[in-house]
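Per-chain residue numbering starts at 1, and chain names A, B and C are given in the order in which the chains are listed.
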Amino acid sequence: MSDVNTDYQIVAFCCQYCAYAAADLAGGLRLQYPPNVKIIQIPCTGKMDVLYALQAFEAGADAVMVAGCMPGDCHFLEGNLNAMRRVERVKDLLRQIGLEAERIKMFHISSSMASQFVSATEEMLRTVEKLGPNPLRMNGKASRKETHVRRVS
Amino acid sequence: MADQSASNGYLSGSNLERVLKSGNFAVTAELGPPQSADAKVIRKKAALLRGYCDAVNITDNQTAIVRMSSIGAGAILVSEGLEPVIQMTCRDRNRLAIQSDILGAYALGMRNILCLTGDHQTFGNHPQAKNVFDIDSVQLIQIVKNLRDEHVFQCGDPLKGLEPRFFIGAAESPFAHPIEFRPYRLRKKIKAGANFIQTQLVFDIPAFECFMEKVRALGLHQQAYILAGVGPLKSPAMARYMKESVPGILIPQELIERLEEAGRPWAGKSKDELTKEEKKARSEAWKRTGIEICIELIQKILKIEGVAGVHIMAIEWEEAVEPIVKGAGLYPRPVIEPLAA
Amino acid sequence: MIIAEQKPFEEVKSLVGEAQKILVVGCGTCVTVCFAGGAREAAILAASLRMASKLDGDPKDVTDVTVQRQCEWEYLDTIAEQVNEADLILSLGCGIGVQAIAEHFPKAWVVPGLNTSFLGLPVEQGVWVERCAACGDCILGLTAGICPIARCSKSLLNGPCGGSQDGHCEVNEDIPCAWQLIYDRLKSLDKLELLSEIRPPKNWRTSRDGGPRKIVRPDLRLCEEE
């Protein structure tokens, strides 16, 4: 494997039923995937909100992966289809903001596809290496900035 | 022209009214004003139409493209000795401007008015304009009628002094949708006060016969004079465009094929391969056929019971009116003297 | 309800201009339902402005807050402190909300983040259509519940015009011809005779043409202290 820049941070939202299981299986099979990937388990990619991705980027993530079931196989029927639309929306927002749309990508990985999970993470890492770190990061380190959301009833 | 009260039996005394009332078929033609302030254009077109029709419609910012006003051009026509039918849409004027223009147009010698809704301004060259549509065409007819017969403005104020005595026209599109409602909409316009009707272009005789049957069943042909819209096609492309893109126009396939047949001697070559002379000759062939078709349609239409005349729309081709009128046997136009008061 | 859309991001950025401390205010009523200016949209816009301004080399302090409705003074009172602390208020309310904030906080500079478009409803998720022109003189009882003022492109009262074809308006195939709809429904309800009546010219005084409108209900006004 080529030198991995351990400073890059990729956030991977993985659905519990498919992609997370695949990641788990990859671990069990001792398949190596880049240590830059931080996995966040969600019940379904349908839980993915546009805001989650924006918060990840604002906090300094260099890329965001959204990994869900194969179309037609979603445990909650259409969650992954909704996620695909939201990922497209995030791409539009990234372009507006001035970041590259390729920094977010949706993958469809079923629970037994451990090696596909690994290649997905490697693909995202290659993308980040090509694009460079998230320009929003300060001093080369990811900054944690609170997003200010206050609700008033 | 009589401009006293209608004790001689005429509503307006206009030439169009006199021709229709005498029982003759009427012929009206159309003149498109220029997108400029040049009166010479009006005079030139007037010269092409003089003697071949009983009155000349002047469009009012047709397809929402700014042109010299219908009333302005109408005044020039009056000075040329022709009789205008001014067209007025509801798109660009509110009820004040409308009534004001009606008074002015009459004072300038105009005697016929065609009351229209008007194409939406998105079609034209000023799509960002605010449209008016304070009133619609049915209400406009009522307003013109009440000014003439009740001597009253739309607000109810009495009109003191000389009232505008217009011969009131309305348009109908026999094949627009909902198609079964069109005769009833026509009835509504006649009830509102329309004296004559000019229809959208007719190419499909059986379909028009069907419409006229319903019109006769409602007795409308006896309450208003119905002039069928006709027009010469210039090319197969024009025919296809009108058939596909203009609401309410039905063109039978055999007419399009006849036009294509006329262009057959040049059919072997593509557009770019044709010389300028060849293109001109082909265009002339199409136009000749277009005029022939128009003459045939007029002859068939005038045989339909309830039809009182034709309205010839030769769009930007006023030269075609002479051969059409002559070819259909409608020349010379009758000269009807007004009855003494 | 009121339907609005977000302004293009570039336009919002230019409205924000040089301001450094920005409060994005969302609204929890109409613009939430049309996904233009609710709490989520306010948070997304605030995050977008923070990130974009940082990339532009001039990081701005953008926070967001959402009130139940911007068009009532009592709800605006709850954000008074945040409004006073900001350089610029970016309201994601409809035009009414933007003006309410400006009127309630006269020292604040308020800019709109939305273009308020029309009164309408979602015919299906993600599709909103205009239904009411707020003309002040409702005639829906005569037209089988279909409004010709709002839904006919020419606001005809004695329609249809000659441009109606295949049930759609001459302006655009996406616009159903209101008069075709009215005709069809009156026919199905056996009330076509309503169409033979000539409707007189509309009294536009009750609509915006008569000037900005006001309604007062004396029975609801709070009593003045003696």
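Keep this in mind: a residue touches a chain if its C-beta (ideal position, glycine included) is under 8 Å from a C-beta of that chain, and two chains touch if they have at least 3 such contacts.
Bear in mind that the values here come from a model prediction, so they are computed numbers and not experimental data.
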Contact graph of the chains (line, ring, star, complete, other): line
Most widely separated chain from chain B, with each centre as the mean of CA atoms: A
Chain at the geometric heart of the assembly (C-alpha centres): C
Gap in Å, rounded to a whole number, between the CA centres of chain C and chain A: 36
CA centroid of chain A to CA centroid of chain B, Å: 67
Centre-of-Cα separation between chain C and chain B, whole angstrom: 42
In chain A, residues with contacts to at least two other chains: none
Shared-contact residues (touching 2 or more other chains) in chain B: none
In the complex, chain B residues that touch chain C: 90-91, 95, 117-120, 122-123, 131, 133-139, 142-143, 154, 171-173, 176-178, 181, 184-185, 187-188, 191-192, 200, 247-248
Complex contact set, residues of chain C against chain A: 9-10, 39-40, 43-44, 46-48, 50-52, 54-56, 62-68, 78-79
Partner chain C, residues of chain A touching it in the complex: 49-51, 54-55, 57-58, 93, 96-99, 135-136, 145, 147-153
Touching residues on chain C, where the partner in the complex is chain B: 153-167, 170-172, 177, 180, 183-184, 195-196, 198-202, 204
